[in-house]
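Note that the chains are named A, B and C in the order they appear, and that numbering of residues resets to 1 at the start of each chain.
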Amino acid sequence: MMSARFSTRSLALLMTLLLAVGLLGVAGCSSADEDSATEETPAADTAAEATAFDAFAELEGDLDIAGGTAHIPVMEAAAADIMTSNDAILITVAGGGSGVGVEQVGEGLVEIGNAGRALKDEEVEFYPNLVSFAFAVDGVAAVVHPDNPVTELSAEQMQAIFAGEITDWADLGGDAGEIHLFTRDEASGTRDVFWSKALAEGDIAVEANVVASNGAMKTAVSGDPQAIGYMGIGGIDDSVAGVTFDGVAPTQDNAKDGSYVVTRKLYMNTKGEPEGLTKAFIDFILGADGVSYIVDGGYIPIF
Amino acid sequence: MGSTDSHSRTDALLRVTLGTAAAISVVAVLSIFAFLVYFSLPVFSAEGARQVLSWDWQPLQGSFGILPMVVGSLVLATFAVALAFPAAVLVCAFAYGVGPARLARPVMAVINLMTGIPTIVYAFVAVMTIPPLLRDIFEQGSGFALLGAAVTLAVLVLPTIVLVIDSNWRGLAPRTSEACASLGMSPVQHVFGVLVPVSGSALLSALVLGFGRALGDTMIALMLTGNAPLLPTSALGSIRALTAHIGMVMATAVGGPAHQSVFASGLILLLVTGTISALVRRSVRLEA
Amino acid sequence: MRKWRERILVGASWVAAFGVLAVVGVLVVFLVARSAHILGPQLLFGDVPWTRAVFAGARVFDGIWPAVVGTLTLVALSAGIAIPLGLAAGIHVSEYAGPRFKASVTLVVDVLAGIPSIVMGLFGFSMILLLRRTVAQEAKTGLLLAAVCIALLVLPYMIRATQSALAGLPMSIRLLGPSLGMSQTQTLRRVLVPAASRGILSGAILSVGRAAEDTAVIMLTGAVATAGGRGPQDLLGKFEALPFKIFVIAAEHNTAAELDQGFGAALVLLTLTATLFIGAYLLQRSLERRWNN
């Protein structure tokens, strides 16, 4: 039975190994406290960063954030720096879309629910004690592949395209080819804003491919020369091209001064007035320290 | 030898402990059913059923029909198995005499290895390669389509089908091959003229098992189909599978009709795959 | 059978066999090629020195290390639940159960085995909803919930492997214990289970592999895109995991560098699961060889 004993021992060894790994993983934080003292920080910014994160110095605990995908770059960047300054804080960031953000914070599943639109009436009715904090302005633009010669569309054309009435780029002055529609899922605030302000609440063709985030939209459109979709202007980079809408270029400046009409504010929502870590985070984003993160995300801060 | 008393006490204790473990498994499955039924209860009312069992998914206009997704899942799984099953039989034929004997072991080893490839890896590689390829070849559609998802799914379920057939033929082939050889039959004739007909119900089990597996997959469907909530009309059109639908809609409207549609979808999937699993194993056991 | 029909079948079989090999080969080569230049400490740890990340708990924000630790932790927890539970249940069904209980458990195991993972995730999420409405109003999705759901997902592998390993034991082994006057417990402990251990171990390894690769369950039960740059800190918190990380990167990568990270992560995950399955396969083969001689 030599080999059988070997297998039994192996089973026991496997179990022990697994449990050890599990425990190591979960308990890995305990040695981390000594780490913050010896962190190497870039000398130049130490002084400035020290004051920015003072509000978090005494805090600890978990903060779960979910919702709008446009918010994610801002949230993740701020969270990373905050967590670096204070090792006892854990901030997790998830997506899901504005609808998910509102539902989850309303139900108490997360502390901050992000939405790329104002709360809907049904939501206010269903979750009466939500508090909204607008922190940025973002435009929503239709995007196409950078090689697509079509760079501007009128409102009527936009509506017709997304309704599935115009189906070929040639009809818009572009290269002949099928138009590939991409739209967002129903939880998306970006979709809500685009639908109400750019499409005048018109139909979106049911044949449109559905993607689940701003990032996914960018991935899809940047890979397909015949694609058209829509996303927050803050996320637009060289891999996609924003489409001029009714003669107005889709830039954040135009969004801010009102000439580009398809805009929305980015909101953080909490259940009731925020306290503790949640409050500190929201104050951080809304305050002077949050501006650089908002700008880096490509959005315009609201002062 | 110790006293029989303490031994029988230990025996009894062990028996109870083990029995509890087995009972826990039973309870777990029952509770899965129970939870899903409880949360989809609203669907069982006339109003709910009418809403959820309809053909339009347009939540912004108040329609929450999941039927296009049900059809989408069935069509996708069927398509995938239609590709995977013949290929699987051919691979088994290759390993059981049609191909050179020394290649049989390596081929089956690779097939076994394929079971260790995670679905997300298949889906990831596929989403990077297939949509542009489909767009270029067919010059139609966005590349996110039934075809791409079906092909990827076929690769996923092929090893499952092969291994079920293999475990059946392994017992069968040694008995039949000698007889066939002595009758002067070629390996091809042995496999397709004898093995395949004789193992009919094992083949069916393998097919059904592969179908169940294809039906239950989420990531490939989510990443490759385009997720448009409409009935499949062409292999190059975008569709949405029930599994992907659950993944996409999950946390949207807790308690609202969209949410109920998700639980109804889950219940449907559970019933279909549960039935498949039960039937398949029963027939396999009868075979043995 | 006509000659030309035979030839077609032969040809088709060759095409099928080599086609499958080609697909696997292309997949692996593709992954390796796309991630080759990024393999190394940077993939896992970004700019943080690896010793600090692994031993001192330094946070890693642009490497996949947190996801790796998350996966390992999740796997350890779910295997820690599923392996003992499955072993015990499997032994009971094989050695103790009366025919009716045996049939019900077997049916249950079969149904459990066929449950789509997204449905399991849905079950997990609904458990939290129920808890919130009744006893634990602050309950949230998190690591423990995910581990329990994954444990349920892999339980069938463990039970079946145990059952079939025990069932495959020859009569001579079964008679050994009682013929020496051993009690049932002693027989199990000292004769039967060790004899079947190879098959059981194989089932355990398969369970671990399955737990590592699952995406759909964790998507709904607490996996998030970023969770603090470290492994999971507590059982009730959100966590990162490799398969989910790959999914997020695939769907929404912003830069080519991020995409390469995705390929690297896919290769790491593939290596992990492939190694486990190879191990299980070899164990299973040696078991068969042993008892078939």
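Note that contacts are C-beta pairs under 8 Å (C-beta built on N, C-alpha and C of every residue); 3 or more make two chains touch, one makes a residue touch a chain.
Computed from a predicted model, the values in this text were never measured in an experiment.
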{"item": "Set of chains whose contacts include both chain C and chain B", "value": "A"}
{"item": "Higher-contact pair (C-beta pairs counted), A-B versus A-C", "value": "A-C"}
{"item": "Centroid distance [mean C-alpha coordinates] between chain C and chain B, Å", "value": "17"}
{"item": "Centre-of-Cα separation between chain C and chain A, whole angstrom", "value": "31"}
{"item": "In chain A, residues with contacts to at least two other chains", "value": "107, 211-212"}
{"item": "Of all residues in chain B, the ones touching two or more other chains", "value": "251, 254"}
{"item": "Per-residue multi-chain contacts in chain C, two or more chains", "value": "251"}
{"item": "Contact footprint of chain A on chain B as seen in their complex", "value": "58-60, 131-132, 135, 140-144, 226-230, 237-238, 240, 248-249, 251-254, 258"}
{"item": "List of chain C residues in touch with chain B within their complex", "value": "1, 6, 9-10, 12-17, 19-21, 23-24, 27, 30-31, 84-89, 91-93, 95-97, 101, 104-120, 122-123, 125-127, 129-130, 152, 155, 159, 181, 183-186, 188, 209, 212-213, 215-216, 219-220, 243, 246-247, 250-251, 262-263, 266, 269-270, 273-274, 276-278, 281"}
{"item": "Sites on chain A touched by chain C in the complex", "value": "1, 3-5, 7-8, 10-11, 14-15, 18-23, 25-26, 28-32, 34-35, 62, 64, 66, 69, 72-73, 76, 79-80, 83-84, 87, 90-95, 107-110, 211-216, 218-219, 235, 237"}
{"item": "Residue ranges of chain B touching chain C (in the complex, touch as defined)", "value": "1, 4, 7-8, 10-11, 14-15, 17-22, 24-26, 28-29, 31-32, 35-36, 38-39, 86-87, 90-91, 93-95, 98-99, 103, 107, 109-125, 127-129, 155, 158, 186, 188-189, 192-193, 212, 215-219, 223, 243, 246-247, 250-251, 254, 262-263, 266, 269-270, 273-274, 276-278, 280-281"}
{"item": "Touching residues (chain side chain A, partner chain B) in the complex", "value": "96-97, 99-100, 103-104, 107, 178, 180, 182, 185-187, 195, 206-212, 220, 223-224, 226-227"}
